[in-house]
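Next come two complexes built around chain A: one with chain B, the other with chain C.
Take a look at the complex of A and B:
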């Protein structure tokens, strides 16, 4: 065999080759590093939100036994709605009864740290079950923010001592707070909940869906199936492509300048928010819809035509049903984007303090992302955890929507 | 009359018309078996239903706009209204209050002066509601009867229904143009008003930004409306810091995913990267303000920069860069995929390593597409609002120090419009001027980028 090195494989060549290969390895490692770093940031973000947010789903409560037998509270006669009952019980001195019960059971230092709204919870329990007024009851009531912080952070000092004493007696504990999902915004982080924001989000999204989906699908059908090639069609296409890239805050300015001028009494109503977001979501649906319609093979259209279907029948009986999964996927992704959108809704005034959930499309409301933004501005430490918890709820919703989109895509997408 | 009720009424009548017309069409068929109708019964049904629903709803929509004015007119004509102040806030408040009580939205009057207006309001509302209901019913019935009487065995209902469908499709696609027009008109209108108070030159080239919404609206101080620091902050955060993060990471991710990663890895990593794009901006903003900004401040203090602020351009820019990564990555992915396979094969066949092929052949060939992608990414970054609102600060600084607080166009739009300023004040109107500049810049970036992409696609097809 010929052992002599080939004339091209000189020592310089070998050295160069080695350098080139190591450059290759460096490049590849750099690429892996880039993607690894991006995903690491994502993981860090999600983990830090989760770690912070777990505390937000909990609150510190204290066990208070209350004896109603001697205090002579009576159910208000002839009132059936809960807020009125609560008001009436408050007028009869229920707050003092609760305070007295807490003083008896926990001592006055601890009783001072009972949340000032704790009696409302007792009143609501009574409204649900009036029999309570005839006997003794144990109530699990929220504490003040200070006591909660002292307990959670195990602070030294007077409050910390109170917290440690109560905890040792088994009366103070930190537990999962279902109320966070059912209460509304409040000024006290112990009392806040996200229900009003969540309901506002749902109403807004419903308006967005009802407007953006039909308009988007019909526009996509027109552009893809019927539009003649002329200047008008070009103008429509250009404006749709541009609208998809216009910053969301500009849509907020549009909502402020046009919708709120037309309907000045509907500031911060889900209807206006939904209309604003619909204009933003519509181009996304049109673009996704056109891609889905384009993917339906021409043979389907030709077959239907050959059997005598009219152009409208071809599209509505054959093309649209086949394109629908793709359109729905695009719609869900567009809706997910709208659900997380904050800036345009700030513009049209959905940033008010909303303590009661909206009852309809024209009531003042806020939405989940705006609620997160408002809480993030609060100085109180208790709001940090609550904000993260609200973020977790928002991310769960987005995850479900995106998961649904992926499922639809995998389940129904056909390759022809 | 509540809009929902009118809607339901029109739909109910439409359903009745639909059923009646279908029955009529079937009766044609039964009357002359063997004879073909010109259209299927269901098209007759739709024809009548459309004639009932569409005119009635159009009228109801118009009535909803007109009726409040008519109600107001009739209340003002009432003797009780003569006691109202002639104009101004108080008049409006009293009217709004009486209206709320009359519609049942409020339990009772707070202001006794509004009390006397409640009864006229209630009467007028009732009267005009009834008039509106009657006219809606009359229109629906008349149009329905007209359509119903036209039904005949040889009536071409299908072509007529399809013509209606086509016009609905056309109207739907015109919504996009209307939206663009609406944005343009509302921005231009307010911007012109603003420039009537502050000269465009002062606005575009002034270096001091600090509008005071409480100042005298009639004599604004033009030296406080210099937007240059905002433009600089926007460019520095969105187009410099964010891009320093997003371009290398996004481009290298795309290269790794398309050229090196095994298909199984690619399948898992790509959606993971796309999650980054799906996280709401308010979450990024909170992350920037709560985690990144304090970390940067602590790091700066550790290396001896004493006055590092907790709100910095760097924090906002870094997080914004992370948000943009998937965007750059998918644009780069598309452009690299568009380079013909032959070019890659040729380079490899000549003995180039993968990395040399990528750097010397694929990236240069895909460069126009990548540049266009970066332009789109910049346009998205400068329009991003929540991250800068939560992390970049409010101080308008014209400085190159990334550790300083900086403000952006989007931040100031939010700040000017969420304050308590009145709509006639230049400080509030300046938000629309800023929005207009932002709109024009993003529009230009998008138009140019899309054109580059199209040119580039054509070059390889």
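Take a look at the complex of A and C:
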């Protein structure tokens, strides 16, 4: 009997062992494949966005020398704000002066391809530095959309010839366009900027955060720490879970039906947009918050209670600080979702054409994803690159916002 | 060892239910102020439940229900005029698993005095922290690293930190729920020494499943079995000359 090999040393056992190891190798390969696929998709997305988007951050400009000495333009007296100065210079004939300068230097065919709004840039330069009016200046001015396209795509034909001639003379170039980040929406892709949408997004997110975070955290704390466990709290829990899964456009309808009925003059305002998105974000924060609060070890509560801490002290001195990293994780997820949301904001009118950045929470505004949606709908080819550039701005905004939240979370974890 | 002083705490016919299940059945016991009282008995005999009733920690369990009379210095602790926050400041507790707050050693000890406003200013608070840590026998080990996290200490040090935290609010009674069951023998010996030093200053009640420990640290022992208190008396008498057969069987290792 003792001569029989032990059951773990038979050939059959070794075959089973081999099978177990190969199962493990298979599992590891699948997991690695899944991660590889995710990384490949992410890299493809980022690379294609960057390649397309770089063009969106650039625009085609020409060098135009202008001689102000003989034209007799004067600074309007007693006006100090820029738009008024620009308007006054326009009335004095600055557009014609710019056109004349371009004709002299570049020829009439090229002068026609100067952007119709180019003179505004000259006017703004003059408003900043009135001394310019007493001499000559070189200005780098945007071209028309057609000339830009002809230059970038090196098209044959008359316009292409003009572009090639100017480029050969070193007067036409494609350069980084800082103005894209400071200008607002326009009908001409050479003139558009992202600033009004970016500012609109910031204001809207601020409202969302200020509403959803405290309400969500308080609701989670109450439900976990104070609410009795009965049928009513079960109903509330199910409702909140359902709320987190409601399609976002429904929240837009709610915003339209409730908020815009209450505040009819605030159509397109970041305040209303933020309130609508807060409705959407709050359930996410409540669910994440409750899980984080549940994860606080009961021994910590017991320890504090046994020292005579009142329930509120237990919550605010011990439970909340320990749960905060988890709550912040939920907030990041909810805010990231809100930042990318388009549909509910369309419902409350944030799709309007906004040519001036909002000055406050009640001014008409648009947000980045809606701006992207609107530009992607434009027929003009120049908007394709601008759309990609706007997507990059949105992604960078998202990255900054999440980075900040993660930094705060880690900082908080360390102080404990 | 017979004393005529009035008991610090006294319970009469205390029963505890968890829902339909009766965990503690009509326990009457007097806890003296000047001694260490030990509760022994097999697992699930209700000794820990009974201990948690003494400072109303069972209030947090929704299904728990307490009947009978429990008095602290003659006041009913379940009466509506008894404030549970004040009760727990008077009757402190140390748990089975060391549970320091994830804060600095200093903050752990200072927390109780701070929430009860026991110290006027930083100097007084520092003094309370030092005195509590000294009494818990931890001062020399941690005095140079009071700002380190309490959770970074060893298990035995953590438990002594929890004792320091409990005595910092100057309680009258300290309840200890198997304070050494998660510790190694050396740490256990230190805690037992500490309990011996604290005796007389506080009424101490200790739940333990180690009979040797009960014999070493306590002057009074109560034996619990199946929710009932079987026998209560001087520790020497319980261990050398038990009146009840069940007590004798338990302490001689017949069951449990």
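Assume the second predicted complex is superposed on the first by the 355 of 416 C-alpha atoms of A that agree within 3 Å, B and C clash if a C-alpha of one lies under 4 Å from a C-alpha of the other, contacts with A are read in each partner's own complex, and residues count from 1 in each chain.
One rule holds for everything that comes next: a contact is a pair of C-beta atoms (placed from the backbone, for glycine too) under 8 Å apart; a residue touches a chain by one contact, two chains touch by 3 or more.
On a predicted model such as this, the values are computed, not experimentally measured, just so you know.
Chemist: Considering only touches as defined above, state whether A:373 meets chain B (first), chain C (second), both or neither.
Modeler: Touch partner of A:373: chain B, not chain C.
Chemist: Does the superposition put A:346 against chain B (first), chain C (second), both, or neither?
Modeler: In the superposed model, A:346 contacts chain B only, not chain C.
Chemist: May I ask you to name which of chain B and chain C touches more residues of chain A?
Modeler: Per-residue touch count on chain A favours B.
Chemist: Just checking: does A:318 make contact with chain B only, chain C only, both, or neither of them? Give me first, second, both or neither.
Modeler: second
Chemist: Looking at the overlay, what does A:358 touch: chain B (first), chain C (second), both, or neither?
Modeler: In the superposition, A:358 contacts neither chain B nor chain C.
Chemist: Applying the document's definition of touch, where does A:49 land relative to chain B and chain C: first, second, both, or neither?
Modeler: The first partner, chain B, only.
Chemist: Look at A:310 in the shared chain and tell me whether it touches chain B only, chain C only, both, or neither; answer first, second, both or neither.
Modeler: A:310 sits against chain B and chain C alike.
Chemist: Looking at the overlay, does A:273 come into contact with chain B only (first), chain C only (second), both, or neither?
Modeler: neither
Chemist: Just checking: does A:384 make contact with chain B only, chain C only, both, or neither of them? Give me first, second, both or neither.
Modeler: first
Chemist: Chain A residues touched by both chain B and chain C?
Modeler: Correct list for chain A: 310.
Chemist: Quick one: which bits of chain B touch chain A in the complex? Just the residue numbers, please.
Modeler: Touch list, chain B to chain A: 96, 158-159, 162, 165-166, 168-170, 172-177, 179-180, 182-183, 186-187, 189-190, 248-253, 255-257, 259-260, 269, 271-273, 275-276, 278-287, 289-291, 322, 325-326, 353-356, 358-359, 376, 379-380, 382-386, 389-390, 410, 413-414, 417-418, 431-432, 435, 438-439, 442-443, 446-447, 450.
Chemist: In the complex formed with chain A, which residues of chain C make contact?
Modeler: So the residues of chain C touching chain A come out as 55, 57, 60, 62, 85-89, 92-93, 95, 97, 99-103, 111-112, 115-116, 149, 162, 165-166, 169.
Chemist: Which residues of chain A touch chain C in the complex?
Modeler: The contact residues of chain A facing chain C are 228-229, 297, 299-310, 313, 317-318, 322, 416.
Chemist: How about chain A: which of its residues touch chain B in the complex?
Modeler: So the residues of chain A in touch with chain B come to 20-21, 23-24, 27-28, 30-35, 37-39, 41-42, 45, 48-49, 214-216, 218-219, 221-223, 226-227, 235-236, 239-243, 245-251, 253-254, 256-258, 265, 279, 282-283, 286, 310-312, 316, 336-337, 339-343, 346-347, 351, 369-370, 372-373, 376, 384, 387-388, 391, 394-395, 398, 402, 406.
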